[in-house]
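Supplied in structure tokens, the structure appears directly below.
Just so it is clear, A, B, C and D label the chains in written order, and each chain counts residues from 1 on its own.
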């Protein structure tokens, strides 16, 4: 496990649409995973290495594991804040952690994490690309 | 516009999950387009030419137009019937029409249609593949 | 058909996530309807009457009809602009029209429209609420 | 923790549509949670107590925690099998576990679990309803 440079957090926001809700009147539980994706995507953009650049360089980070703990419900038209951090970086995998909160009162709605493998275009597990390590170092300076 | 062989209808069914509904307590309007896709996919399977075979042969049928008229709402746990027909076949495009109804009482929930271009792997518009014409002829015999 | 006050257009933007795409490498066609919803929702907020306020006042605008014409594909990580206008307002129904374009080069991706009934909490068709007419008048001054 | 009656497993199947996939050419990770929901819904139907009946009796089982481990990818047009079991039943909560496999070759694609609170219509945590205990007993006889 590589020592991560000092903590970088990305914060992005999203407004809930009707299509995100279910008949309980709250956001359907699977949609939080869409927010996690949005969060890690913005994290990568923030450190100067959008996921499109990672893919162009020949790498993919498919999700191996996800978990989510639901605290409070998100509702239609609320703005949620998605906080994303790179929690761990191994040799061939990396993990993000997430906190979803309601923007108006910062009430914590959910927490979760995803673990990703690093694979090349052929689908083989491979080392985390140096461009990511470099981007992280540069960003945490 | 080619004369279509005698009408073929595919009927397939789908049970509504919570994730399909919204906070009005009914299926979210965009999800009917998922049912249309399921319908035309099963239509193609029925005539012996699943969409995977069409793609393997080098063709795609991206949607150019869709419309949907909503009559009655679909609800959680209801089984809907999706009836799909090939409505038109041009030289480089084709259209499907759909009827969505509730299985228990055959109440009509929605009708709609999609128009598709025929493109090759390079994304260029091309003629409807002969394998589709042949499959339709064989199926309507 | 009531004469609409001078044209009001809402413009809002959305960044495409992986979860919006399909295996063609483009945004799945049903997801444009989510953007339409986002667009009309922001339109209503812009005129000072968010949809939550309409619902609190006892009204709903379920979709009766939708159509979408797909021009060009939207891709992962692109930002799309959603332009929404109130196209028509009848006694008991209203219609929105939409234009989806790519933010970087303003390339038009799709156009569409939705027609909505106005119903009360009991689900009965009813007159467009005066609060909407008032909000439109105030906004177009 | 109540002793569960002998293991009951529900097996249901689902055919992947284009709309379930993403641009990696595989099913988007959030959609497995839709399959979990389908699975537990069919489990409840199998023991004679569909979720609609639970809701009519005044109870809801919102998800408190979910996790999913992704083994292999699911692809367009594949049929997946969803195996669901009631893994645990506490006084005020219950857990389901899931196995997703490819129907053709039984290849294991994913495993996961969900933990649910039992709440009443007012949203308060309450005891697992007796109707569920009774249904389980009857089903495992």
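One rule holds in what follows: a residue touches a chain if its C-beta (ideal position, glycine included) is under 8 Å from a C-beta of that chain, and two chains touch if they have at least 3 such contacts.
Keep in mind it's a predicted model, so treat the numbers as computed, not measured.
Counting C-beta pairs in contact across A-C and across A-D gives the higher total for A-D. Ranking all chains by how far their C-alpha centres lie from the centre of chain D, first place goes to C. The mean-CA centres of chain A and chain C are about 29 angstrom from one another, to the nearest whole unit. If each chain is reduced to the centroid of its CA atoms, chain A and chain B end up 35 Å from each other.
Taking each chain's centre as the average of its CA atoms, chain A and chain D sit 25 Å apart. Those residues of chain D in touch with two or more other chains are numbered 18-19, 24, 26, 30, 33-34, 37, 76. Listing the residues of chain A that touch chain B in their complex gives 18-19, 21-26, 28, 30, 76. Those residues of chain A lying in contact with chain C across their complex are 15, 17-19, 33-34, 37-38, 41, 50-52, 76-77.
Of all the residues in chain D, the ones that touch chain A in their complex are 24, 26, 29-31, 33-34, 37, 60, 62-70, 73.
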